[in-house]
Each structure stands twice: as structure tokens, then as C-alpha cells.
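Following this line, the structures themselves.
Shared chain: subunit A. Partners: subunit B in the first complex, subunit C in the second.
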Partner chain A sequence: MTEIEKLIQRFKQAGAYVISNHNFKKEGLTVSAVIDASQLKTLAKDLYRQGYSLLDLSTLEVKEGFLLTYHFDKFEKPGRIALRVLLEGPGPIAPSLYEIFQGAEWHERESHDFFGVKFAGNPNLIPLLLPDDFQAPPPLRKNPESLTSLAALKLFGSYEILSSRWETIINSKVENIS
Partner chain B sequence: MNASNFINPFSIREDEGSFAGDFYTRNFERQARKDSIILNLGPQHPSTHGVLRVLVELDGEYVLRAEPVLGYLHRMHDKMGEVKTPYQYLPNMGRVDYLHPIAWNWAFVGAVERLASIEPPKRAEYLRIISCELNRISSHLLWWGAFVLDLGGVTPILYAFEEREMINDILQIITGSRLTMSYFRFGGVCADCDSRFIKLTKDFIPYLRERLKIYKALVTDNIILRRRLEGVGPMDTDICLRYGATGPVLRASGLSSDTRRNIPYSLYDNFEFAIPAGPSNDCFGRYLIRLFEIETSLQIIEQAIESLPDGPILIDKAPKANYKLPAGESYFAVEGARGQIGVHLVSDGGKNPYRVKLRSPGFSNLSLFAEAAKGTLLADAIAILGSLDLVIPEVDR
Partner chain C sequence: MATPDPILSLPPGLEAAKSEVLPPLINIKPINWFFDLNRAMSLWPVTFGLACCAIEMMSVSMARFDMARFGAEVFRPSIRQADLMMVTGTVTRKLAPTVVRLYEQMPAPKYVMACGNCAISGGPFKFEGQYGVVEGVDQLLPVDVYVPGCPPRPEAILEGLFFIQEKLTSRRWWPKPQELPPDPAPAAKGKK
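Coming up: the complex of A and B.
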């Protein structure tokens, strides 16, 4: 079993909603998985034990909520992988990865600054890049009318959907667009 | 949802008559010991690069805790990416990191090309490699001068600037600018090189090799420098992985990792060059790694200049200002002078990108400082800070 297959199996064990195989040449990712927020810390710990490092956290605001993409890399083959978590509803909150990857503290503070996403367990969730007296909505939040649905962004490469909820998110909206 | 939601136990602000420092100082003080001193290094201090501010808690000369405070040079490049077309946004990249602008050019252009399935011509790839490596050398040279300056050696930076000027002169021929270069275009580069560029570059390589010998005799073998750096600020691979540190910091820790090799992009696979790792994970190890990287960059330039192919430098029908990206996402990572630079681009098929996320290596490298500085002498903390090679506009974006 290759390393990628092992990873995919591990993601499936953890109840991943969507597993995507990406074309590295085109997307710069090898494999990504949408998981439940409750599984994030367990999987991150697994990746840390295998020598992965958390390189980046990018937040994306879409119609469905906030999609957090955690980029991990091991500095050898198979290259970059990503874990995604969708935070739905008002008052988005995700578990902090500070206990496993201390570098996550700043990435999470940045996401808090720009999007207002909260991270439970972050020891110091104060403004990082914005001033402490910044009095406006988080600057990267979009107007409701300019929000796009996840399906329209085509983020998932060649995917395998393992949850009926995600079946609706990914498939029904595609029909709307076409 | 706004910034006032933060837990701020100290409601008095500076301008309301408090003398106890600003929000960050007071937040930092909450965990302080009673008998310690809180000191602000920066944001306007000669030994912190640019406008970095570091809060330190001191017991005598020893650092108990440290916390960098960022944002003094924050320009919200992420937002600018969403309100401009990719073509309009491209010059921003030269301004993210003014010491290695070409690598940032590359990261963004690469992300766009990946998403749009564009393959640049071979000659353009070679010119990209040559300019990027020349720029890497100039960045390392400035770091070298500034780092030794931090430690109290004033002369070396004058030597470094002499060589840096020559590189600027060379890069000016093709990029048209000396600092915030914007040389890349989607599908190639904006200008071809001429015979003068090739001659100057060819002459520069042996010249710099001679100068590197002087650097070694003057600085690297200097006993005062060695005493200031050897054994100071050790960072093992584990701490680098936990904080996402990359580049020379990670390589000095003993892991031979380089984006040019691990996730090869462009034509780097065609060139012979070593990825150094070690020999030690202290400040001196990071110092040696960077000097060695100047040599590896010279090797790459030498090979690229020798085998520079003929042909076009830009594809036909290269994307212009009104170009619309297809929907999708792409991530492009390149090896900058400070580590892995990444651009995460998401498009919904509209005029402007839906989201641009810049990953700057300095940001992650600096986040490691608080842990590395714990328990060191204040003067050693400054050495550690310098050994991370920080460029604040890149950290703040």
C-alpha cells in the first residue's frame, strides 16, 4: 500500500465526508479530505507523528459557511496534503491545533482577524496583524450577494463522497450553475 | 462580529491617562512574574529588523518569555488580491518581500499558470531561474551584512552592499528595477536578456567566489563572531516542524528539505545542486547554510547561463489585464531565500480571484522565536532573531 493509500484509509476511518485526489501539476495538492471538526485534532496528531508539518491555514468564506484548509507537508514525496473543515452557521468556531502544532497559533489568530473565526484552545486569540482597537467587521468577510457556493469553486478534484450531506453540497449546486 | 469582542481586561487606553503601556504590553504583563522587567524591543529599534516589535520579560539579562507583536507594516495584500484582476495584482508581489521579490513573482504567476494550464516557454523558464537565483544571492548578501551588523560588526555590510549593487545592476537590465521587481508575466517573462546581461553575469560568478573567500577570512573565521553564534539558539527538526519553519532554518536543523527538490517546479530538476543540511542547528549553523546557498545558487546560474536555449520568452496570447481565471483552486510553492513561499489561489470564474492567500516563510519562522528565545541572554535573543532572516513586510503582508 502506498503512502497516499494509507492516508486515504486513515481519513476514511476518521469518518471523512469527502476524499479528493488532486492532480498535483494542476492544483499543487496530492490528496485532501473534508473531515468533521471533531476529528481535526486526532488526524493532525497522526500527521505530526508521521513527520508532517503544518505549513498554512487558509480560510475561505462561502455560502455554506467557512471552509478552513489546513496544508500539511512532509518535505518529501508525496507532497502537500490538505485537511478541510467546514464551519456552518453563525459564530464559527473550530478546535485549535495549538497543542500539536504550536505554529498554528498565529495562523489561527490571522484567520480570527480577517474572518472572525474563533478557535477553541488557542491560548492567545488577540489581534495579530490588525490593530487592537480595529472597529469594523473582519475585513475579508464578503457581502452576502458576492458569496459563491462551494460547488461553483470546484475545489475537490476527482472526489469520492462519503456523506449524504456533502452529496447535496457538491452535486445539487453544480446543477444550479449549469 | 468585530474586534471589540476580544477579552480585554484593561479597559483604560494609553490616551486616557494610563502609563502602563498599550494593549499588547498589558496583555503580555498578565502572566509576568512580580520581580521581572518587561521590555519593548522595537518597533523602531536598530537591532530588530524593520518594524518588528518584540515584548520580552527579563530576569536580569535573561529572557523569561518573549512575544513578537506584528502588524506595523500590514497592507492587506490578501484583500487587494480579491479586488484586482490577477494581472493588476501582479506588481503587488514585488512589494511583499523586497529582498526576494522574484520568488514572490514566481509563486503568484505559478499559481495562476497552474490554474489556467499555461506552460511557459523553455527560455522563459531559464530566465526565471537565473533571475530568481541572482535575487536569492542578493537577499543572502544583505542578510549577511545586516546579521553581522546586529552582532556589532559594522564593516561587513559595506562589503556585502558592493556585491549587492552589482547584482542590482545586472537584474536592472532585464527587470527594469532594482528593488520591487515585477519581472514575470503569466506565460513567461516581460523582457529578454541581452549579451551585456550574459557577460556581466558570467563575470560576476568568479568575482563573487573570490569575495566569498574574503568573507570567510574576515568574518566566518573570526573568533568573536564564533563565540557569539556557536551553541546559541539551537533549533531541532521537531521545533521546526511544530512551527512550520522552512528554508535555511529547517535545513540547519538537519532536514535536507528544499522546495526546489522536494516539490520540483519549473526546470530545477535539470540542474545539479546540493541541498545542504546541518552541520549544526545553532545560529552558526544557519549562518553557514546561507553562505553555502550562495555557492549553490552560483552553480545553478552557471549551468543555466551555459545552456540557455533560444526561443520565445512569452507564450502567444499570454493572459492580459482582462483575463478571467477558470473556476478552481491552485497552490504553488517556491523556495524563497527565507523558506517556502506559497500562494493559494481560489477562483469562481469571475474577473477577480475569489481568494488569494499568501503563505510567507518569515511568518512561520518568526512564530518559533518565542520558544527559542526562552532562557537565553537578551544579546543571544538578538542573535537568534537575526539568524531567522526576517523581512517584516513579508511577515506582515
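Coming up: the complex of A and C.
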């Protein structure tokens, strides 16, 4: 079993919703998985043990909620992977990876600055890039009508869906691509 | 010294510099002129860059453009030893209170040069709904000379320095740069 296959198996074990294989040359990713927020910390710890480091955390506001994407990579050889977490509903909150990758603290603060996503366990969730006394709502929040749906984004290369909820999300009809 | 423009409104939570420069204790014209001349010929800028324009400030102090020829070579790492603040770059809301504080720590007489479009008006970052940039450092500090450009050429920064020297001593000390020969008219080019 190759390393990638092992990873995929591990993701499945952790109850991943969607697992996709990507074309590394085209997309810069080998595997990505949509997982539940509750599994994030255990999987991140696993990856840490295998020598992965956290590259970045990006947040995207879509119709369904907030999609957090964590990129991981190894220093020794190429093979970037991504873990995605969808936070639905008002008051998005995700577990903090601060205890595993300390650098995550800043990425999380940035997300909190611009989207208002909260991270449980981040010891210092104060503005990173915005001024301390910034009053207005998070500046990168969109107005609800102009949001695109996840299905329109074509994020998942060749994918395998393991949850019925995600079946509906990914296969839903795309209405507006602007 | 210019006063901050009251028409432009500051973003909430920011305050303009409050310190004022008092008139000299001994106010005798020739003596003042003599001191001002000395000041003008040894303006010490502070090592202080905010964004990409700072690259041009570094360039102007290096050998090719050599600001040292005009007396402004000693870049001071402490604002308390400097008398020229070159605001080179984007003044973000996050950093604005620090810029004001630095200005107030500077001993008078003090001069401010707003270098680049960002420091003058917000430059490329001025658009509707922007949340992070102060649109013009003159809302915070009294600015003596504006040097436009994105970024300004090193020659332009030198000209800015000459303007401050002129402001202090009421004359220009350095020869005017030669004008470039005019471009040949496009029609004449075509005939050849």
C-alpha cells in the first residue's frame, strides 16, 4: 500500500464525507478530504506524526457556510494534501490546531479577522491584521445574495462521496456562476 | 507647517498628532537664518519605511543617487535623533497610531515628507469600502512636502529634500537638472 492509499484509508476511517484524488501537476494537490470539524484535530495530529507541516489555512464563504481549507505538505518530497471543513449555520466555530501546529494560531487569527470564524482553543484570538479597535463587521463577509454554492466551485477532482448530505451539496444544480 | 485638513475625515478610532512646534526662544532673524541653514544642510531622516516606496528611499541613500551629497545621509534608527520623517509607503489603520506616536516623539524642528501616492492619498488602495488604509498621512501629521509617484523616482525624492531645504532657507541650493531633449515628433520619425 502506498503512502497515499494509507492516507485515504485513514481519512475514511475518520468518517470523511468526500475524498478526492487530484492531479498533482495540474492542481498542486494529491489528495483532499472533506471531514467533520470534530475529526480535524485527530487527523492533524496524525499528519504531524507522519512529518507533515501546516502550510496555510484559507477560508471561503459559500452559500452553505464557511469552507476552511487546511493545506499540509512535507519537506522531503512533493505531495500536498488538503483537509476541508465546512462550518454551517450562524456563529461558525472550528477547533484550533494551535496545540499541534503552533503557527496555526496566526492563520486562525487572520480567519477570525476577516470572516469572524471562531476557533475553540486558540489562546489569543485577537486581531492580527486589523486594528485592535476595529468595530465594523468582518470586512470580507459577502452579502448573502452574491454567494456561490460549493457545487459551482469545482473543488473536488475525481471524488468519492461517502455521505448523503454531501451528495446533495455536490450534485445540486448550479444556478449562478458570476 | 501645514495643518491637517479638517475636511478630510479620519477613520473612527484614530487621532491626528497634537504636538505643535513652538516659535524659537531667541527670535533674531539672522541667527535663525544661520541655524536654519545648518539644519537644512544636515537633515537627518529616520530609518522608517512602511511599504514598497521604502525601497526607493534605500536607493536614494545608496551610492548611485547618494543623498549624502546634500547632507541627509545619516539615517537614524531612533526618531529622537532625527528631524525628517519620510513617510514612505502605505499608512495602514493598524500602524497609524504608531506613526503618530513616532511623530510626536520627534524633537522639533521636524519635517515630514509624504513619499508616494499611498502616503499622499491612499494611492491604489483607495476604493469604496476599503477598511485598512488611512487615505493620506496628512490626515494624521502636518506634511511639508508631497512627492508623488508609485513609487517616486529617487530623483523625485531628492527634489523633495531640496524643497524642504528651500522651505528652511528660502532659496534653492542646487542646480536645476537639465531638461531632456524633446522627443522627435512622431511624424518626423515616420518620414525617415
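In this text, the second predicted complex is superposed on the first by the 170 of 178 C-alpha atoms of A that agree within 3 Å, B and C clash if a C-alpha of one lies under 4 Å from a C-alpha of the other, contacts with A are read in each partner's own complex, and residues count from 1 in each chain.
In the analysis below, a contact is a pair of C-beta atoms (placed from the backbone, for glycine too) under 8 Å apart; a residue touches a chain by one contact, two chains touch by 3 or more.
Just so it is clear, the structure is predicted and the values come from calculations on it, not from any experiment.
Contacts of A:Glu99 after superposition on the shared chain: neither subunit B nor subunit C is touched. Shared-chain residue A:Pro131: touches subunit B and subunit C both.
Of the two partner chains placed by the overlay, neither subunit B nor subunit C lies in contact with A:Glu88.
Touch counts on subunit A: comparing subunit C and subunit B, the chain ahead is B. In the superposition on chain A, no contact is made by A:Glu167 with either subunit B or subunit C. Contact with both subunit B and subunit C is seen for A:Pro139 once the two complexes are overlaid on the shared chain.
Residue overlap on subunit A between its contacts with subunit B in one complex and with subunit C in the other: 127, 129-131, 133-136, 139.
Contacts from subunit C toward subunit A in the complex involve residues 12-13, 93-94, 96-97, 131-132. Residue ranges on subunit B touching subunit A, taken from their complex, read 1-4, 6, 8, 13, 22-24, 27, 67, 70-71, 74, 76, 78-79, 82, 111, 114-115, 117, 240-246, 250, 255, 257, 262-263, 327-333, 340, 342, 344, 346-349, 354-355, 357, 359, 363-364, 367-368, 371, 396-397. Listing the residues of subunit A that touch subunit B in their complex gives 25-29, 48, 51-56, 58-60, 69, 71, 73, 75-77, 79-80, 100-103, 105-106, 114, 116, 124-141, 148, 152-155. Of all residues in subunit A, only 127, 129-131, 133-136, 139 touch subunit C in the complex they form.
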